[in-house]
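Shown below is the structure under consideration.
Lettered A, B, C, D, E and F in written order, each chain numbered from 1.
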Amino acid sequence: MMAQPYNRPLSAVEMPRAGGISTMMRLPFAASPEGLGACFIGIPLDTGTSNRSGTRLGPRQIRAESVMIRPYNSATRAAPFDSIQVADLGDVAVNNYNLPATVDIIEAFYRPVVDEGVVPISLGGDHTISYPILKALSRKHGPLAMIHVDAHADVADRMFGEPIAHGTPFRRAVEGGCLQTDAVFQIGLRGSANTLEDYDWAHKQGFTAIRAEQCWGQSLVGLMEGIRQRIGDRKVYLSFDIDGIDPAFAPGTGTPEIGGLTVPQALEIIRGCRGLNLVGADIVEVSPPYDPFGTTAYTAANLAFEMLCVLPKVAYL
Amino acid sequence: MMAQPYNRPLSAVEMPRAGGISTMMRLPFAASPEGLGACFIGIPLDTGTSNRSGTRLGPRQIRAESVMIRPYNSATRAAPFDSIQVADLGDVAVNNYNLPATVDIIEAFYRPVVDEGVVPISLGGDHTISYPILKALSRKHGPLAMIHVDAHADVADRMFGEPIAHGTPFRRAVEGGCLQTDAVFQIGLRGSANTLEDYDWAHKQGFTAIRAEQCWGQSLVGLMEGIRQRIGDRKVYLSFDIDGIDPAFAPGTGTPEIGGLTVPQALEIIRGCRGLNLVGADIVEVSPPYDPFGTTAYTAANLAFEMLCVLPKVAYL
Amino acid sequence: MMAQPYNRPLSAVEMPRAGGISTMMRLPFAASPEGLGACFIGIPLDTGTSNRSGTRLGPRQIRAESVMIRPYNSATRAAPFDSIQVADLGDVAVNNYNLPATVDIIEAFYRPVVDEGVVPISLGGDHTISYPILKALSRKHGPLAMIHVDAHADVADRMFGEPIAHGTPFRRAVEGGCLQTDAVFQIGLRGSANTLEDYDWAHKQGFTAIRAEQCWGQSLVGLMEGIRQRIGDRKVYLSFDIDGIDPAFAPGTGTPEIGGLTVPQALEIIRGCRGLNLVGADIVEVSPPYDPFGTTAYTAANLAFEMLCVLPKVAYL
Amino acid sequence: MMAQPYNRPLSAVEMPRAGGISTMMRLPFAASPEGLGACFIGIPLDTGTSNRSGTRLGPRQIRAESVMIRPYNSATRAAPFDSIQVADLGDVAVNNYNLPATVDIIEAFYRPVVDEGVVPISLGGDHTISYPILKALSRKHGPLAMIHVDAHADVADRMFGEPIAHGTPFRRAVEGGCLQTDAVFQIGLRGSANTLEDYDWAHKQGFTAIRAEQCWGQSLVGLMEGIRQRIGDRKVYLSFDIDGIDPAFAPGTGTPEIGGLTVPQALEIIRGCRGLNLVGADIVEVSPPYDPFGTTAYTAANLAFEMLCVLPKVAYL
Amino acid sequence: MMAQPYNRPLSAVEMPRAGGISTMMRLPFAASPEGLGACFIGIPLDTGTSNRSGTRLGPRQIRAESVMIRPYNSATRAAPFDSIQVADLGDVAVNNYNLPATVDIIEAFYRPVVDEGVVPISLGGDHTISYPILKALSRKHGPLAMIHVDAHADVADRMFGEPIAHGTPFRRAVEGGCLQTDAVFQIGLRGSANTLEDYDWAHKQGFTAIRAEQCWGQSLVGLMEGIRQRIGDRKVYLSFDIDGIDPAFAPGTGTPEIGGLTVPQALEIIRGCRGLNLVGADIVEVSPPYDPFGTTAYTAANLAFEMLCVLPKVAYL
Amino acid sequence: MMAQPYNRPLSAVEMPRAGGISTMMRLPFAASPEGLGACFIGIPLDTGTSNRSGTRLGPRQIRAESVMIRPYNSATRAAPFDSIQVADLGDVAVNNYNLPATVDIIEAFYRPVVDEGVVPISLGGDHTISYPILKALSRKHGPLAMIHVDAHADVADRMFGEPIAHGTPFRRAVEGGCLQTDAVFQIGLRGSANTLEDYDWAHKQGFTAIRAEQCWGQSLVGLMEGIRQRIGDRKVYLSFDIDGIDPAFAPGTGTPEIGGLTVPQALEIIRGCRGLNLVGADIVEVSPPYDPFGTTAYTAANLAFEMLCVLPKVAYL
């Protein structure tokens, strides 16, 4: 085989899928972001969760299930490994006993990645992680547009009196000036609520909510077209909470809500990001203890691959 | 906090969702129906089942999973706990060794509830329970209209020679004069059959069957509009067998059938009952041993909450 | 009960569903194909798999879960047990240590079945089995048209250097002259790919690919109409890989791909085969270790029953 | 291979262990007891249970897991299939809706078996089944000695007011004159109790109780020697409730109690029955839903094989 | 039934075991400690864990599995409900986002319980909880003797730099003057270690370590006799980490270690506490996500009942 | 921290246990054996299995569960990472479709490892792998003594007619001159047998069999003393089939047999190898699909660590 200019996932001809050290997609592990175009980073955190925990094991299981993903996207003809240098940067050494400290640890980990111009695709971990990631990204890029897929708006002010938790990241991010609030799109919101004022704060900031009920039985291709137009060439972050998807497809999560998006809709959303100026993305809230055979983690691993496929410099064959 | 006129679910600010004694939605337990507008009642029965058992544990698991449900319906803006007094009345002490005795025990439990004017939302338990509940309700209200969601018509005459079992409740209910047979709507019927005459008896009584195949890929909003018109202001019972829903969404049940309703369709059915004169409802056939992580029970808990949200006196904000 | 001209599944009146020796649908076991019109055959093979194994236990679990299926199809009014003689022929004694030998063993088992004019419905086992079955069938019938439901095209030339594996059966079948390549329809293809040339070989042979993305949110009734027209009265084989269906419905398989067909679509495909000249069918890749409560196997059992319902001589009431 | 005088389990050379119709040990199914020396009979009953149900599926799962058991006992050198004719007689068609009727059905099934001189080894099903089996056996043999392994004495008078349930069989058997009460040995009793008088009735009848605490850390070889001496040449029944064994070894049961027997102790008990005049045996209370990977059922299958190995006419090589 | 002077668990004659609101042992829930002799308290905490989380759900699952425990101890003839007033006090509203705050919350909850003279039996939750419980108890009783069953000594100084976590409670308790360090007995220690100095600190304080290896194959009756002599009439706390027991018996925990105590040994330890002046006890580290069928929680529930049975004022019949 | 002369497992202070790329014990991955004293090697093979498959995923799950193992052995005071250079060499790229080819692939992988003087500790994979490993080792070291822990002797001549399978490795190894047959000790043999001559061949070669029954209730310290004397200073291989251990402790395997060794006995065996001249070891037959929460894999990971602790050059503190 002739020398490849870019890293490639270990193929099934070199090593059967059951073997090999399980990095994301069996890509090389990299100790530094230097020279990369994009990277995968794991964040093994679950102490921001409110109902069922377990997401600290998400990165390990997503990587383990990712071994079956091959380098080309047969649906879109994306060829990320022909176009950019990608590696697995390993995990952030978070402090599960101290959430405020963890916010600082994550931000510190991402700064050199972002400064190097690398696009991070993060594997959660609970949704708390999006706040420090947005801090690191907006410090370089300025306030970002955001597409946020989730059952929950995650804009609470406090959870059990605390400012840092998996239900508050986007409130904190707005307060921290990380977001362009007129270009935040929350897709898949649903479920019971503590008050009907829950969504008002987000609405007042200028967020656009697309409830799950509006998506039922619909293709989301049109929705994404509209969102792309509204975002234009702004820099964008994509935050994907696996509980945006219906529990039939993704049971392994801590705060499931019935009546969610289908996986085809999830794919339409991510594939619909093609052409946007994505500077980062995450897939969060995969809880392996509730997913013993890896269905949810495997779904997350595929969605992370689809995110990679729509990064700005990726070639399409 | 100022005094509430009505019971409210214990909130996550008072107690984390992992804690608290698990009544339905962490509502207060009530020893008597007095003063209530609606109530939840569990019926831990499974000896009416024909294939896999386990539904006797349904009420306990539905309550355990219900702890995440919050008081307001963000989709419909229903505010049941601002409008009516709701409590958990606990479980009926059924006799799993003797089905005919259990029919009497259940009916005796429901009579004072019904006489007090309380709307019971019952957590099964196998479908046998609907017969004695209908007896108690129709004794007060006269024959009822019924919306029945299920994979099976449950109008067999005998099962293994016995008149009381989970496949016979509506045959017995018709014989007992509990139903207005021209206003019975069975939604989601499907699967293999012992004879093609299976559905004839129901048809002859005047029941309307809406097969699952007719629902595939459809919104059921229109269907429910038609049903509401046909029922008008008659008193109605809603009986929801969780196996009406496809096993992808609700695997934890004893007689699953492939090709069933989706959860969005289930929500359209229940939300489509708004405006009807509901006098009772049940959610049955949740079998926890086949649902170790509670997905099915959680779905059932949410459907029971949605039933509460469409009761006649519930306010919408 | 008066004598039946044809075998019938053991009914729940004779034996509760939890009881009885678990042949397919609790039909009689037959030691020879003589006198049968159709039969079920199990092939407990998994050494052709590439990612997760376990399909060797597929036939046993499909039979165990099939006990709930009753003799009539309430959706289509098919009455197979009123029309043809059906039995369970048991399992092929495959050699899991030697795939080339297994190909010969399977072909040898099927030859007398096919020669007797019996239509085999095969319960896999991994997809390797379709190659020797096609060999046996085409030896009698000549090259066959084929409807192939699957996430993967299974037309690789080699897997880890080997010609016989679960990713190569249809390459081998084409080379062996078993297929009418202009009448091969592959439905449900999707997922990541080793190269974008993956599907070229199939396309060059004349295969028609219907990707999963083309099916999302669509009824497949029209698709099947077109396929029936294109096939006409040619002899047809139906090969159904359970991973054609989305993992939400069928998690118990070894190489799942997200974004697959729904079960209603699967039923539309099989029911859409009515009128075709089916000479054989299979349902493959059910992996029980990833399906501890039998949901996937139960789905497969129902699909096998639906296949039986569309065989040429089956009566519709 | 030359003709065998006796049935033999299907070997792994004839059929891989994953294949073959799953009768007990892959022995031939027999429609009648005629000509047999011993037989396996399944009883798919669970409506006699008090806590968790599921034992109706016990016979099917025990058979499925029994496929790995080979014909010779390497520990004791027993060769049952060289000595007696053994077959699987299938299941009793019990009525799960009516326990008193089921008692009659079981007794009627066993009478011709017993009359033919066949020793039945029964696969439960809940412990209710031992009562009608003892009725059928004692009708022919007169009152029997009994070795009973269990966490519970099962001598309650009523459960929820009913005389027939899984906690009452030996009370009913004593009343029915089926037992020689001075030769009843109950091994493994333990757990919490409704009253401390629980065991008094049994004691007054002359039963000998060997509590689990007396067995902790002990070999039971000596205990069995003493029991054999006390029983002498009386006819004996062996009733083995899987919950006699600790839940670490056998979690799949409905009323587990911690601190139970080990499997080596269970084997010492059964192997210690060699030389006794056994006329029947059962293994009961295996509940497959709590045993998704078959560990408990596999243990039960092995214990049933060990029971076969100590039947009076079995040769030892 | 005549009036009982003391609360009793709801019996199976009043309500089948599958029914009833699941308090501990189906005892009454009490809103205040007033008038009680002993109580059960749940602490739904898991953010002190280091490897796998999930213990926040421990109290709920222990209660759910406790429904099968009956009021008398058939092994020891203890009759706690004939002797003292017992109730379930519900759960402490811990703050899973803030461990130091949670220490204060727990201590504040226990102070009035302890001041009222009630003996608390606590249901964890991770082992962090023992520190604030010991603070509350020692504030009233002075420094306590302690019997501590665990795979780990839990005397680390810091975990990931933090002073409060599930590996530090007894370091903090010694520093806080809560323990009589010459009367601390740690039973079941084992496993790999970060340094071999791990156990030195404890040794220097005067703790006595009994390693699991010393217990293998031994009855612990003699060990407990020695411990009772050394403790004499000092006030004692019993802290029982479920991972002290081998994972074969108790897999549902976050930091399992192979080669642990057996359940009979665990029972010998707790029953060996009879006669000691116990002022409190806990059972911690039950992690329900790793225990889907409740075996571990059921074991914990039984151990908590056994703890109740050895409290100072309990009568033995 | 000062520079370490040897590789060390990543500590929990550097990275929480839930994080980090999962090599064995979170040791560095090494691309070559150069400079190592010992190494871990995975072999993801399962096509040599006869009953249930799944062991191809063993290496990945053993590594994933190994993350909790710390560098020192608190029981024996072994300090392997203070004494020798250890790394994870990754997996052998076996061919699951072709067992004879795989034997050659494995042998070729091990030759340079062995030639470099590195002691390989292998993570299976099914037991087939021991044959090529023994070939590679004996080529350098000459015929080896062997301690073999297993339920089965694995000395069959053919399985389904094939010479290479998981039941034949030691027959082939004897034929290949890899073993000193008078110094082979097989511990834990038990279960049913195809013929009672099964063990004769091994006996005739001079193998010593220690049946599980001989071990029940015994410490194996004395047995190992005797074995060490008989082996003396010969070079030794340790082959440990996880099914040697009882399924209560290690359910995740394909051919379990009841009545096996306890984990304390397993530890006594491995720790009893201290002082022997070990040149290689393996732990095989871990089947993750039957071990969804990793208990079996975690046990295997610990046993592999204990093997490392008894290698010749390991220091004891």
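The rule is simple: a residue touches a chain if its C-beta (ideal position, glycine included) is under 8 Å from a C-beta of that chain, and two chains touch if they have at least 3 such contacts.
The structure presented is a predicted model; accordingly, all values stated were derived computationally and were not measured.
*Asks:* Consider the two chain pairs B-E and B-D; indicate the one with the greater count of contacting C-beta pairs.
*Replies:* Most contacts of the two pairs: B-E.
*Asks:* Any idea if subunit A and subunit F meet via the same residues, over half in common, or different ones?
*Replies:* same
*Asks:* Measuring centre to centre with CA averages, how many angstrom lie between subunit C and subunit F?
*Replies:* So the centroids are 40 Å from each other.
*Asks:* Just how far, in Å, is the C-alpha centre of subunit C from the one of subunit A?
*Replies:* Spacing between the chain centres: roughly 38 Å.
*Asks:* Which subunit C residues touch at least two other chains?
*Replies:* In subunit C, 16, 18, 50, 52, 56-57, 95-96, 159-161, 217, 246, 248, 289-290, 293 touch at least two other chains.
*Asks:* Each pair of chains that touch: what are they?
*Replies:* Every pair of chains in contact is listed here: A-B, A-C, A-E, A-F, B-C, B-D, B-E, C-D, C-F, D-E, D-F, E-F.
*Asks:* Considering only the defined contacts, which subunit F positions touch subunit C in the complex?
*Replies:* Touch residues, subunit F against subunit C: 46-50, 52-54, 56-57, 95-99, 159-162, 164-165, 289-290.
*Asks:* Inside the complex, what are the residues of subunit D that reach subunit F?
*Replies:* Residues 11-13, 16-18, 67-75, 77, 79, 217-219, 246, 248-249, 263-264, 267, 293, 295, 298-299, 302, 305, 317.
*Asks:* Using the touch definition from the top, list the residues of subunit C that touch subunit A in their complex.
*Replies:* 50-52, 159-161, 189-196, 198-199, 211, 213, 216-217, 246-248, 251, 255-256, 258-259, 290
*Asks:* Residue numbers of subunit D touching subunit C in their complex, please.
*Replies:* 14-16, 18-23, 29, 42, 44, 46, 56-57, 59-60, 63-64, 88, 90-96, 289, 292-293
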